[in-house]
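Presented sequentially are two complexes of chain A, the first with chain B as partner and the second with chain C.
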Partner chain A sequence: MINKTRIYLVLIIILSALLHCSYCAYAEKTVVVIKSQDISAYNKVVKGFQDECFKNDITIKSIYDLNGKMKIGQKIVRKVRKEKPDIILAIGVLAATVVKEKIDDIPIVFCMVINHARFQLMESNITGISTEIAIEDQLKGFQSILGAFKNLGVIYDPSKTGNIIANAEKKIEDAGINLVKYEISDSKEVSEAMKNLIGKIDALWLLPDSTVVTKKSFGFIKSTALENRTPLLCTSDVFVKAGALASVSSNHKDVGKQAAGLARKILELSMPGSLGIVYPDRFKLTINTKTAEKLGLELKEIKNGTKINFYP
Partner chain B sequence: MLKFNLIVFSLLCLLHSNLTHSSVQAEETGLEDMFAIFTEEEIVVSALKRPRTVLKSPAIMSVITAKQIKQMGFRTLIDVLKIVPGFYISMDETGEREIAVRGVLDDASQKIKVLIDGHSINDVWRGGAMWNFDDLPVENIKRIEIIRGPGSALYGQNAFLAVIDIITKDTEDIDGFQVTTSGGSFSTQNYNLLFGRELGGLKISGFLDYFDTQGFSKKIEQDVLFPAAASRSPGQSQNRKEKTDLNLRLSYNNLEVKAKYMKKRRKDYIGVGDALNEESILRDTYMFTEFTYKLSLSEKLNMTPKVYYDQYNYDPFFEQRPDGHLGVYPEGIKGQLRFKQRTIGFENQVNYKLFEGNELTFGLQYEWIHQHDIKYGKNSHPITNANLTTVTDFTHDLPFTRKATRHIYAFYLQDEWNITKDIDLTIGVRHDRFTRFEGTTNPRVGLIWRFIEDAHLKLLLATAFKAPSFQEMFLTNNSVKIGNPSLDPEKINTFEIGLGYHFTEHMRASINYFYNRIRDKIILDTATPKQFQNGGGSRIHGIEAEWKADFGNDNYVFANYTFQDAEDTRDRNRLPDVPVHNGNIGINAGFCKYTNANLTTHLSGPRPREDGDTRRDIPAQALVNMTLIGKNFIDNFEVRGSVFNLFDKSYYDPAPQNTVPTDYPQQGRSFTIELRYQF
Partner chain C sequence: MIKVGIRFKFVFFTSLLIATIGIASSWFFSTQTRNQLEEELKKRGYSLISQLAQDGEVKDSMSVAQKAFFDEPIKRLRNLDIEQELAYWRVLLVPHETLLEEKEEWVKTGIDKIPVRKNIQNITGFVFNIYTTDNGEAFYNFVVPIYEKHSIAEEEFAAHFFGTDEDYDQNEEELLGVIQIGLTPERINIKMQTILWTRSLPLGFIIVLVGIGVSYFIASGVVKPVKLLVKITDKVASGDLTQMVEINSKDEIGLLASQFNQMTKSLKQLIDEKEGVMDQLKNVNKELSLINSELVQKNEQLNDAQEQLVRTEKLAAVGTLASGVSHELRNPLSAIKNAVFLLKRRLSRETMPDIDEKAIQFLEIMDKEIDRCSKIINDLLGFTRVTKPTRLSSDINVVVSEAISRVEIPKYIKLSKNMQTNLPMIMIDANQIDQVLINLIENACQAITDNGELIISTKVSKSFIEIEVCDSGCGIPQKEIKKIFDPLFTTKPSGTGIGLAVCYGIIQKHNGIIDVKSQEGIGTKMFIKLPLEEKDAESV
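So, the complex of A and B:
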């Protein structure tokens, strides 16, 4: 005699399992990460992203590495398409450009793209985190170390960071600071630029401009600034660790976390699309104490709303 | 010795510790990461160096992408061109689609230069490309760049009213295989295999396409012979066609090889001379191959030499008049033509960056064009029209054309100067020297001024020329029309002004005004037989406006409108067969990742008749096409369905006066279903 109760019980269990599976299948949100190359900065972003995704029940299906080559982008895009992720995280300009060119039907979040406006990463499916901190916050950070200063010098290549200058100029003026600009188009012109600026400025603002900052020129800029007791202010803490005075910048792991937050927000939208380009939501002031000492700055009285890192 | 070893060891230790220290320091500070990111930027910047965008191009330009082509359900090149502002498509008595640009419709669309990846496919017999390539498959097209306006300063002959450059997909775009099969109305079937693969340094891409259709057939109440007893009217027009297309692109390091083969057989829609026929068969074969080598001599200096070979075989059988014509031709008037044309060419283009923001382009081109292997047979005398009992070979005595060779020597120079970040200036000039007429020099000047953010103004001045085609020069022993070897090229002077504005991130619009003055037009005179002569000119001015709102996720609306006022300079008569007003409206909805819907409407005002034609103008019309795409249901699989002329509107393309009084009827509602699979 077949026990009907048992049969019903088995059926209920099977149905529940099926329902649960289909719910899980429906609920599972997946993401694929593409990084431009295998460097520590990008790996820290991935780590932050992984941690936050785990908290938000977002599954990272794969992490791809372009190895600094655009050529293999097509192959990776094909693999990504097969995986059908709900969202793609592109780390670095190479990855962001590849996915922008090839994918327009999956939401994309990019980060770690210096001066993103230069690469026109604006599409209806693209959201990004800028590497630049709002100029007002940068100035606030720098003024907390130097006090009020009048003339801020900057060397830049208009074809690379011209738009950063154009956007910042008015805001710097509004803060009562005179921006002393020096345009160059070749890294050979850096020494001439420094000669021209030194003496006219109270501090030098160093942008992430590959014409200005090269392996050769950075040492020269740093030493010239120091010799002339001119504080070197940057947009990345790597320059501070290498001898510049201060930077206002984001932490790579935090950028990864913020990217995961954006991914979650996009997935919650009824029609996943773009949330635009946003500033980093967390940033810190980094100060090189040795450099500060050489410049004769007193750091004890620094009052700043943001987190401060002292190096070393 | 021990002392010496100790010193060496100490030095090595010191060196090692210094090296280790510096690398550790770089590692610790992350400076190396920063420089690696800078390198990445350079890679992207150099990879994205591609043809100018519409905004930065020193021309009034339209770009249609593969995605738009797919969404709008286009199947051939001519379908795509229907939505271009200033373009209007109509069909002639043979079924060939002809393109009118900015108010000018001429035989074989010979005032438009058509290029596939920069290689010209205009044939020398007619001067145009539409006879062979109006039905060019679109499956392997990445994008089509259309310059509305003259381009002789860079492209030479035939770049008179427009330049159409078809950019095909390569391994970057394909990487694998794509099989497409489609079928639809009129027993149409189409099979296409697209492929692309990288094997080490070798890149191979291309496609194979086979197309077969019975074509639409319409009742022709009266043809040119009506009401003569021999006339086949009322009768049915014919449109049967069979076509094979092959494309191949190979590249290895700096060397690239491109090859194309096309073979087509089709019926004559009504028939040559506007008499309904049953037996005519038009056979064409076109092939080309091109070798290009990209040579980077320094950061500033690049050289691109190329050699190419083109061959065109024309081999039709014509039934000019039906059996029993005039009671004199019991077998009708029939003829067999044949010729082959070969082109061998060499071009070397040098690009030199004078300074940042200024690039100089210099080029030399030589072309040898040879027409040969001429065959001509007819069952009536070519000049007297006397009936002959059988098809007689006139190849040697009275050939329809002759062996001919044309040499073209050309050089061009262009300077593109980004004067300030908001102003670009382009100045160019090209000189062409042909075998049979004096050289022609064509300059152009283009100024682009981005006067406020998101807005630009373009001012363009240029001249261009159209060399007489071999038909216009060497058609002979014909009782209706003959060529004229002394023809000079047609010339055009153009002035254009364009304004573009991005209202918001999602909405953009542009408007431009053009003024064209054509002189030394090649027209048929009134003698018997008629002969091609240079005479008269035209004056055309008009406005083209475009608007697009893109809301993302494939949701967009677009519209364009063209006003064109074209008249003869001599008697000020309006140029016939092209509407004064026409435009397009379209909407695309990407509902979700599974479906896409597109609705496009072609609108046209009345088309005027030529002077002396008492028939009423061809009425205004609105044709609606709809396309639905289903995707992502199954991996790599897509289905597309299109309905053309959704409301089954009855419409006609113009027939010359005293030929087919009720004009050439066009196809009613039709559909296609297409399946596509990628692997």
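So, the complex of A and C:
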């Protein structure tokens, strides 16, 4: 009697386990999105991510907005923990740093973090998409407009974008271009830097450096470059719209899609973890035609090229 | 004029230099320290106001304009003010509302007298200034704007970088107001005073004292050997060349001392050599003087000998001549004498009474002159026939008296005899000496023309008997005095020049000396020295 009961009990347990496993195998994967603030660029990433998740049967449980404030981040992290998502998408530096500090047991994918190396977002559960395009691709894009040029000027704050310069220097040199550097530590030094560089350079490379690029300084850099017929090359199409000559940058929606793809790959792993930090798999060259005109550049040859956006 | 030594100069100027450097250094370090303390005060001010500005409660309190909420932040601020330099604090809200203004009790200036910052909307960063109130209190004033931020800076940059659409309107910072605090520099002044009285002045005093001591020591080290050198130099200059400078240092002074010693040594050697040469020269000079005097003596002797020789030769020549002439004249004169005698007999008055008187006078003259000629011839023969004296022991006083008695001395001549009694007997030819004395006395009498004095004296002098015939006559001229003993030399108009030459010959044969001292117009002294002991005339 006892033996029969035991056998039934064991069979029930085995059956339950099998049922649970099959449930698990076919269970819906969930994701929580945390964006640093509510700006259109982040929203486009969310949109792209949502579209791709839908295709990959990944459910977005919640989308949180940190509203640019650190304190809110802690409350949101507590909520996320309760939701127990399979993966977290952090958009922007604030979201990425908050989840990096508070969560180490759920895979995280971050994107839209400018100069991510500054924030040391390298943990075993973190995967990321770099905001910056590979330097070789940037140079190719710029050379397609300007042709071969010799001296590329750059103003940078070593404490912010020194790592970018360190990584790029050798590659720029290999491309046969001489990088003319000018270090500053305060945005007040920008005008002095421009005075020094103008005349020595064939183009100015504008890095995502908050010391160099402020609302006030950008206007000065743009006008000075234009006055001296120096092409201004950027890493964001926003500056091209504002008057810079060209930029090589990612499409925000595509970044969302790429993040969803990475999420899928991570979830498919037997032990979900890190896939490292990757470059955007798609990027665009944006050109300001008015500025090109002022600089006297011929754009006929490249006008028919794909993945090129023209402003206005 | 005061003599200032090198030691005093060195110590004085070194001390002056050290004092100047000390004062300059003190001033420099004081200024540096003050600047440093002021910089530290500024840093503390910036630190305090920065911490207040970053205090979330401050921003919240400013956003709701609640003064009471500042109690805790201000308490925290005062706790952070360890140096107790915080003087006042003030919170201003936009546009120009004073939310809070308080001061510490020890601040004399009223809070309403401390200037309030106007146009706070224009403040974009830290503002610092120093001001002094009417009652002389100084404050380091710090002002900082307080913003309400909507997001972290990196996200603001991200919004700028990625672009914002019209739905994003929170990227601008909102100015809530400004916070103003004031710090007093009073503690700096106290610290400076403390440093001045407890460190700078004592240290400066010690440095100056040590400097003077060290410079004195150095100066002594230099001056002492120099003084020693000067002292030794003085001694050397005064002629003491045995002095040596004992300085054994290896520096320039030591080298100088060594060179000085070397110089003194060389000088001594030179002077010793010179003195040696001088001694030799003196000896040579002495020898030369001796030789010279000997030579003079010899020369005199030679002169005398020559004179004697000449005189002797003259005597011999004159003697030979006289002998020949006398011999040849004697016979004719005798014949003439006889003829005159016969003539006188025949032509006398007795025979020829009418004879001219004159003829008789002439015959007399002839007879007289023939006698005279005979006498001259006799004299000359006598002169040539001075024979070797026949010496007998005689009393010279007797011989002298004999001679005086044989001469007819005029009455106007006062004769004085000064003859020493008890004279020793002397070996002489009394006749010859008598002849000499008669000759001398006659000469003396002839020299005295009027009321003169004739002194004849005898005495013993050493090994001689001296006879002196002294007259107060006309004297002999100096140029003739040496010639008077020469034969045929005479100063008298009727003299033959034979007498004194004969006297000279006689005395010479007696081994004696005859000499004369005369002064023209005063008188003449004739000396005869006759030896007491007989010697051979040829040996003299």
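In this section, the second predicted complex is superposed on the first by the 282 of 312 C-alpha atoms of A that agree within 3 Å, B and C clash if a C-alpha of one lies under 4 Å from a C-alpha of the other, contacts with A are read in each partner's own complex, and residues count from 1 in each chain.
We take it that a contact is a pair of C-beta atoms (placed from the backbone, for glycine too) under 8 Å apart; a residue touches a chain by one contact, two chains touch by 3 or more.
All values reported here derive from a predicted model rather than from experimental measurement.
Overlay on chain A: chain B and chain C clash in the combined arrangement. After superposition on the shared chain, chain A has more residues touched by B, the comparison being chain B against chain C. By the touch criterion defined above, A:Ile60 reaches neither chain B nor chain C.
After overlaying the two complexes on the shared chain, residue contacts for A:Ala134 are found with neither chain B nor chain C.
Once the two complexes are laid over each other on the shared chain, residue contacts for A:Lys82 go to chain B alone; chain C is not touched. Chain C is struck by only one stretch of chain B after the chain A overlay, and of the options 164-172, 218-226, 290-298 or 578-586 that stretch is 290-298.
Residues 36-37, 39-41, 68-70, 92-94, 112, 114, 208, 210, 213-215, 236-238, 241 of chain A contact both chain B in one complex and chain C in the other. Of all residues in chain A, only 36-37, 39-41, 68-70, 74-75, 78, 82, 84, 92-94, 97, 104-105, 112, 114, 119, 122-125, 158-159, 162, 185, 208, 210, 213-215, 218, 236-239, 241-242, 271, 273-274 touch chain B in the complex they form.
The residues of chain B lying in touch with chain A in their complex are 25, 27-44, 47-48, 67, 171-173, 175-176, 356, 421, 505, 550-554, 590, 593, 632, 635. The residues of chain A lying in touch with chain C in their complex are 36-42, 67-70, 92-94, 112, 114, 208, 210, 213-215, 236-238, 241, 252.
Within the complex, the chain C residues that touch chain A are 150-165, 167-168, 170.
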